[in-house]
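After this come two complexes, each holding subunit A, first together with subunit B and then together with subunit C.
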Partner chain A sequence: MTPTIDRSKYVTLGVIWLLLLTMPYWLPMVGGYMALGTRVVIMGLAAMSLNFLLGFTGVLSFGHAAFFGLGAYGTGLALKYFTHSTPLALVLGVLLGGIAGAVLGALIVRRRGVYFAMVTIAFGQVFYFIAFRWNSLTGGDDGLRGFERQPIDFGVWQADILHRPILFYYFVLLLFAIGTGAMGFLLRSPFGRTLLAIRENERRARFLGVPIEQHIWLSFSLSCFFVALAGGMYALLNNFADPTMLNYTQSGEIVIMIVLGGIRSFWGPLIGAAIFVVLQDYLSSLTTNWMSFLGTIFVLMVLFFPRGVLGLNWTEMFRSVLGRSRQTRPQEGGNLS
Partner chain B sequence: MAQVDRRTVLKAGAALAGSALATPAILTYGRGESPVKLGMVDPLTGVYAAVALSEVAGAKVAVEDINKKGGILGREVELLVEDSANNVGTGVQKARKLIDRDRVNCVIGDVNSAIALAMAGVTSEKGVLHIVSGGHTDAVTGKDCHWNVFRVCNTTTMDVNGIADTVIEKLGKKWYFLTPDYAYGHSVQDAFIRKLKAAGGEYAGDLVPLGTADYSAHLIKAKAYNPDVLINVMGGGDQVNSLKQFVGFGLNHQMAVSGTLFELESLRAVPPEALIGWWTMEWWWDQPDNPHVKVFVDKMRKATGHTPSARNWFGYTSVWTFALVANHAKSLEGVKLAHALEGFKLPPEVALQPGTPYYRPGDHELMSTMFAGEAHPAKGNPDNMFTVHSLVPGEKAAGPVAETGCTIHWS
Partner chain C sequence: MNMLEVQNVTKAFGSLVAVSDVTLHVAPGEMRAVIGPNGAGKTTFFNLISGFFPPTSGRIVFDGKDVTTEPAYRRVATGMARTFQITEIFPELTVRENVNIAAEVALGYRLKPWLSAQQAAGVKARVDEVMELTGLESKARRLVGELSHGDQRVAEIAMSLALSPRLLLLDEPTAGMGEQETEEITQLVRRLHKENNYSIVLIEHDMQIVFHLADRITVLDQGHLLAEGTPEEIANNEAVQAAYLGKTE
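Showing the complex of A and B:
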């Protein structure tokens, strides 16, 4: 660990948070709008949650949309039937998605690789069809409606997150900070280091006496709790929840965001989500063939930059570019003179 | 003194070019006499793409028409089309984009009922007029109706009532249902059964999972029940597959087949042997007695190369509705427009059908005539695949407002 690497980490962190905190001020100037920025942050949290499992434990779940959707339905149903408190509804949504993930996780941790991915797809589709078919509770194909995010009362001051998109953005950003902070803290702990060891070499970790299944289960469950938080916020953003949120295609989108941004990097999935959401928004206004463009970009990324945008070693690249230019400069000058 | 090298110059050039690209976005605000903007959100990609693109084509022709005739309040009309990608989150986001960033005065869409319902939440909160062009679920102008939401296409219940009487009268009262097993299918079947019970008929039926490829088991049961009519509620590819197998089994010699919708876009996509059965058309192009329809058909054929479908008409009528009511109310304000639209009658050149359709005050549903008839392989004209047998007025099909479950709350 050289100090330069640490410094570059702090620079990344600083730039990301500066951009996120000032988003409401610069976004409209570049043609964006608040709902787009909020969606980037929410999908970013969803992608980072899945990457906790995929990038840092080395286990691919293709059914995370189910827990994303359960978080959304949990929050929506709570707001519709039990409570007028947005935070409480979110907590209930997170518990629904997280506990469902923990229970299912316990059933499937012994599977590996493609088998694990297939079982997660299957369980994900189970929840999709429950949401799709249970008309009386979930509204079926028409989606769950009839709830709205409620203003948050602080006693002296009421944050009207319903009518003021900026306040809702900062509410989402606060929860994003809590979620990513918790994930970062977990990954720095001995537990997180053990997850990395499992990712690098499961057999060796097992020989060292690490209870593998228990760790993968914990990682899966935690990841489900975080993705359910993202889902809950997504339901609040749209004031709506619908079955396609639980579909495996949604899981696929989250995986694409991770790969675009960088599978081994902590902040990569946020960048991937930003690229995906913004490109989708921008390209789909121009052409109905936007999926081809997005797909091409994805294929090119996978072929040439398999570690994603943040997986590139930017410092190394800058240094090599600068170094080369320093070497070539006299030559250029010579040619010019 | 520091030397300015080539690299710095290049970087500065790139930065300048970048800022030049970014500035138009800033400058578009604050212009004086800007066009009246109209936003349309439809699933241009995904399973509804064909019908959504038809709606957009109709809307574009309407915008051209309106601009030729002096625009809205003397200002030019501009249509902004956004793809909802058949995804609720994207649809809601696009509605916000159109309202927050592009400042549209009216939002049209979506074909997907769930997206239409979710968008209604945004448009009603923002106080913008919202015309649902092609999402059929009852809730849009029923339980989940909003003060600012008006709908051009029919409710599913209307589609059932549009054909049910014809089926009972002409085909018989013993029915067998082939119903897709989800909310839409259930509600359509229930509406059919209500009509049948009132007429004193009998029925049996099967609930079929979505995406079923093999209907033999269901068709054998239907054959054994020996009904007068097989009521086929399946949609899209399922509808086509089940109809082909229905004919393949020779059941068409034993019983009739009927259902709610078999849209022109679908009729075009199926092989001739599946062109069979009794259906409702929400609008049909072949109305020889109506000169306005001929003008519209020619216009659409010129613009798209195709004979217009009901979806073309939905898009066309949605845009015209906004233009007519804005010019009538001399305002672009959501609340004023919504009040003016209650009971608003469409003129014959926009209505393009017998009778005078109007937006019913109680639930904001357009009371338009339905065309019940029979599908058949094309005769002469390739788009002549349907013969209208009876016209059903909208009010009759819709039933009283009290039954819709809609109460309008003005905000």
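Showing the complex of A and C:
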């Protein structure tokens, strides 16, 4: 609300988009590669989608990997069997994950807190086992193969996102922009404010005239559509989908990304996803035991940054550092005189 | 026609009968106080009126409309707003944001992804009006969670007012407050009643406030309706003195 906070928000926004838009140019210089950067953006969208529900509605789902995975399988299956259009396949994947989320959401929206989280795990595992067991359709344990993202034809120009990773990165970034833009827009709307109200105090919101279940259901469903978009892009990135994408461990990873980055922050989960994905990539190249190192880092982060990386009030910190140095100067002067 | 008619309402939790066969009529523009010793069923009675849970038996008619089975959020839409004994607010949002959410919901914009300029102006006008009425303008940009207890209660009343209710249900608005804060809230409630003509039902422990403010008083005791009348009638009622006033002071 106050001008200083607004300014720091614009700075964050500017820095994040500058880094994202120029990533293909600086990433190789710091030892990264294009697919890693693309993965960060995709998982960032997944984490921000879940945080729409967790951080801005106050509802914890531990089964979002199911909708992430349904988006992936939907996209992969569409490319394999129905269509050569990448965008159409992605739309079908998003619809599959999103509609599944909306239907399930309607069934479980009366549960609260831990019970809600438990039910989401249970439903998530149902989809995991379907993907794991339905060999003829999903490829079972081996995962879904036999599809490739297809170049996108604009008539005069064809974007070969299959053979040019940089083009695929910008394709992903465009969809990321649309997804996060839509979420940011919704959160600033009257509807978004009712979600904040529910997070802050469900009883008060109810007695202001908000039908809580309806609004939580909408938030859950929207969150599932966005996470399915991330899942679809993940399948396109690897030209592959496997059942562990739907497993509750995947859900847990997305929650960890959110906590790392900052649950109350809109962009925090993207930062959390970047930390998680990069560490995972680096540590798993060093040791098969990367999970325990990642776990240790997570524990340390939670201990020292309980509100996540972006949960810190950076402006305040800079100011206190500056303030202290300003205070010390007169004292030094006092000693001299 | 009465603003609110509660007809022979009973609420039982298993074998415990919290409210038993209570009837209450509130006229438009009336200030009604509901008093009674601890455990008399006052808050349960409030929860029945506001739709927190449905009654076991009986009927609740609001503004000529039977709302007995209406869920809480729809009763709000018909013009009924309440505050809670333990302050219920949105602590991490500013005072203005708190009131703003109430205004938007009340104007029917709760599902809107955006507002037209005209709609936004309507919301702003209502929020401005409520902020001025409750004297919260100077604290508009502070987080409600950081305010003093007294100011938080005023903010909660402000949110209820932003709903443009025709009936205001206040559950112990001065609970846990110092003398100064109690006086300020009492002034505010009196103003809402006398100048802005709100119909108000008030639960209150402080007898001075009750006899000062209320047009009529309803006394509950162990879930039963013990007496009803003007402050003078209640003060002179022997049953009330025996059950309540005699015991406390």
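Here is the rule we go by: the second predicted complex is superposed on the first by the 326 of 337 C-alpha atoms of A that agree within 3 Å, B and C clash if a C-alpha of one lies under 4 Å from a C-alpha of the other, contacts with A are read in each partner's own complex, and residues count from 1 in each chain.
Heads up, the rule we're going with is that a contact is a pair of C-beta atoms (placed from the backbone, for glycine too) under 8 Å apart; a residue touches a chain by one contact, two chains touch by 3 or more.
None of these values were measured; they are calculated from a predicted model.
Engineer: Using the superposition on subunit A, tell me whether subunit B and subunit C clash or fit.
Structural biologist: Fit: subunit B and subunit C sit side by side once superposed on subunit A.
Engineer: Determine how wide the angle is at the CA centre of subunit A between the CA centres of subunit C and subunit B, giving a multiple of 10 degrees.
Structural biologist: 140
Engineer: For A:209, decide between first (touching subunit B), second (touching subunit C), both and neither.
Structural biologist: So A:209 only meets subunit C here.
Engineer: For A:298 in the superposed arrangement: first (subunit B), second (subunit C), both or neither?
Structural biologist: In the superposition, A:298 touches no partner, neither subunit B nor subunit C.
Engineer: Look at A:140 in the shared chain and tell me whether it touches subunit B only, subunit C only, both, or neither; answer first, second, both or neither.
Structural biologist: first
Engineer: Under the stated touch criterion, which partner chain does A:196 make contact with: subunit B (first), subunit C (second), both, or neither?
Structural biologist: A:196 sits against subunit C, while subunit B stays out of touch.
Engineer: So, A:238: does it touch subunit B (first), subunit C (second), both, or neither?
Structural biologist: A:238: touches subunit B, not subunit C.
Engineer: In the superposed arrangement, does A:39 touch subunit B (first), subunit C (second), both or neither?
Structural biologist: First partner only, subunit B.
Engineer: Is A:186 touching the first partner subunit B, the second partner subunit C, both, or neither of them?
Structural biologist: Only subunit C; A:186 stays clear of subunit B.
Engineer: Is it subunit B or subunit C that touches the larger share of residues in subunit A?
Structural biologist: B
Engineer: How far apart, in Å, are the nearest Cα atoms of subunit B and subunit C after the overlay?
Structural biologist: 35
Engineer: Pick out the shared contact residues on subunit A: the ones touching subunit B in one complex and subunit C in the other.
Structural biologist: In subunit A, no position sits in both the subunit B and subunit C interfaces.
Engineer: Please give the residue numbers of subunit C that touch subunit A in the complex, ascending.
Structural biologist: 50, 71-74, 76-77, 81-82, 84, 88-94, 96-97, 100-102, 104-106, 109-115, 141, 156, 159, 163
Engineer: Quick one: which bits of subunit B touch subunit A in the complex? Just the residue numbers, please.
Structural biologist: 5-7, 22, 25-26, 44-45, 49, 53, 80, 82-83, 85-90, 92-94, 96-97, 100-101, 113-114, 117-118, 121-122, 125, 137, 139, 144, 181-184, 186
Engineer: Can you tell me which positions in subunit A touch subunit C when the two form their complex?
Structural biologist: Subunit A reaches subunit C through residues 1-2, 185-186, 189-191, 193-194, 196-197, 200-201, 203-212, 215, 218.
Engineer: Could you list, by residue number, the parts of subunit A that touch subunit B in their complex?
Structural biologist: 28-36, 39, 132-133, 135, 139-143, 145-146, 148, 162-163, 165, 234, 237-240, 242, 244-245, 280-281, 284-285, 288, 290-291, 325, 329, 332
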